[in-house]
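This is the structure, below, for whatever I ask next.
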């Protein structure tokens, strides 16, 4: 029984597995020196949130006089982590395309890091409008604190805004790792390439998908299960780079589980899309779109003991 | 290149960011001494689960003779963490409303902590009915152990029941942080204000939303994607405190992706709501509601190589 | 006030809680010696991912000459953890059925562990086809690296394939703990008992449910919110073991939020199921099924200030 420690069995299995690395090279990274690290990127996102929302996350009870030291110390950490990961992702892409050394990668990574850090005050400005939008839009919100502490929509939008800035600066891989981290935490899947205006709110949020080429104006609110998606994707990689996802203009409200599909679909300013609506065509401004819900059928069911009945004609 | 360590650039950026804390004060907490801590609250939830389900979570192989020591030791930890967080959340709310010192906050926090701890045996009683409901309701459940170990619906309901008890005792912020932690782990979003009877089961669960003023009787089972929600929320904060979400009576079964909306909507005892039904009106007891599913359209597609076709008329 | 440390109160509460363990024995595990451990199983899954995708997860910058040592060292860890957990789960099941000692449990656990380890090269082969399917199927995928790093569908399928292998080998509890861990991370709920062919891709994925007795061929792609589920589950445990979930043949594509229900439902080879379709009957091969979407209703809404309107006739 090899479990007792038959070393030959383990050695043979090791050989077979290493052989499988050669047979399927796309799913291994032996010998590569510049791969970004998912754990570090997650830690980076959370450190950036400490700067964005001081006192809420990370160290609490910060006194005003310590603030410059506290913030510049976190910024130094963010700068070092971000520079290293951006550098890795640039070199990694360069390596993948088989171009050999990358003499410019470090300078580019440094410039991107600086530009990102410089954008933090603006990011805070936009995120303040998003927090206000959540409070104004949800009667269940007790305070803005509650939103920042625990609203999944606010967390997903915060991480999206960080990732989008890096995506805009041309960073590969890292922005998507960030938004998929948010997706994992919230069930909200926003591609970092989407463009989203300020005062944006996603309520509940589980199941929301916002595709790569979506454009969203300011003052838009969407609910759980909303898909802003593509029409056919049978074309696969041949569709890469085309506008496949809709445009949502200012002041639009989209209720739960609505699907809005297609790159030419424009939802006009101030429109309301009701729940469960399925749209593949444009909607004029200031229009409310609802679905004529299919007729419901009612049938009497005599009282019975729960969990003991399974009538053959029963259908979900 | 400032990345190499230009201290002046970092100092200037620090100033700009601190300036943004002044311009957008709602999204920072400098100088506040009494903010609850999300990480501590998550740790508290998991410590309470060790008391609720001894042997399943936390220390394993507890022998019966060690039990009093083991449990009272965990209870002491729960008491200290809970008292401190409740105290913070009460003082925080007090501070926010600008009323200065809070002479009663500590005594109130102590009384709440005691009352919560005293409710643990009852909580265990209700959670035993929920575990039984999951086993009785799911043919894929191999044992009650499997449910407690890994059913997301059971985890979400456990955390909801803890949070609801604290909500009932008037604790701000903390209950919602707890249920949003559950939401993050399970995709099930139950507001701590909802009222839910015993023998309750949510199967699969991703995308479930149970709004703040929902009332659910005993022996209710719901599936993934079910929304128990509000009608229009255009009114925002002006709707705060009104009953906006439905009432679900005893013995109701709600299949996947059904939406039941509105504060006056009552689903009568023993009713069954079939999958994808969209309801904004009350349903009499012992009634099965199904939707006349819209007609399906079938069209022949000749065999083709996968991923190489993108017909222009193709539509999701 | 007992919070100050009244030891008698704590002792009384401890007694009450211990008493509740006696009254509700199904939700406690005092004195049991062989319960699997959820945290260890999660750690095991992630260690297996280090062997499956070297360089992506766990240690980076592995040089080729270190590979045999590195891999056999991880394999040794996987073997020890897996053997111990499988042994516990077998003994635990044995104990539960009241059969006393389990003289064969250890030998069975060892054989299962060996067989699982031996299947790793094949697992890598199948997972390479899944990664290719994701890249081929998603125009937003920048590279196969991106898929392995952060696609939730790929993570869920990886964990499902590990869990399915253990399920096939007759291991109780552990496979479901693994797939529910994936469900928690991704919102994708695949039962370890489902059978799924190679070149399988789930895009976005939140809300996907693949039931226990589902059978899926090769080259199948599904999107967020798709349910491959059962018809009535009123029968509860009496339905255990019956085929309750559909069969999906090779080359089928299922767009978002479609529901396909019932154990006799077969979706024929090369068929396409469009978004939001609700199916309880079989579909012939090479057929596209779409739903005649219910008519949309458009109504003009004059421009208004956002969040200040709540017309009584307004309906989601």
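To keep things simple, chains are lettered A, B and C as they appear, and every chain counts its residues starting from 1.
Quick note on the criterion: a contact is a pair of C-beta atoms (placed from the backbone, for glycine too) under 8 Å apart; a residue touches a chain by one contact, two chains touch by 3 or more.
The structure presented is a predicted model; accordingly, all values stated were derived computationally and were not measured.
Student: Do subunit B and subunit C, two copies of one chain sequence, contact each other through the same residue numbers, with over half in common, or through different ones?
Tutor: different
Student: If you fit subunit A onto subunit B using the CA atoms, what's the rotation angle, as a multiple of 5 degrees?
Tutor: 120
Student: Based only on mean CA positions, could you tell me how far subunit B sits from subunit C in angstrom?
Tutor: 21
Student: Can you list every residue of subunit C that touches 2 or more other chains, as numbers and ranges?
Tutor: In subunit C, the residues touching two or more other chains are 136-137, 187, 206-207, 225, 229-230, 234-236, 238-239, 256-257, 259, 261, 275, 293-294, 307, 315-316.
Student: Over in the complex, which subunit C residues touch subunit A? Could you list them?
Tutor: Within the complex, subunit C contacts subunit A at residues 51-57, 60-64, 67-68, 71-72, 75-76, 79, 83, 107, 109-111, 113-114, 117-118, 120-121, 124-125, 127-128, 131-132, 135-146, 148-152, 185-187, 203-204, 206-207, 224-225, 229-232, 234-236, 238-239, 253, 256-257, 259, 261, 275-276, 280, 293-304, 306-307, 315-316.
Student: Spell out the residues on subunit B that touch subunit A in their complex, using ranges where they run on.
Tutor: Result: residues 1-4, 9-11, 13-21, 23-24, 26-33, 35-38, 92, 96, 136-137, 172-173, 176-177, 180-181, 183-184, 187, 189, 191, 193, 206-207, 209, 211-212, 219, 225, 227, 229-230, 233-242, 244, 251, 255-257, 259, 261, 270-272, 274-275, 277-279, 283-284, 286-294, 307-311, 314-316 of subunit B touch subunit A.
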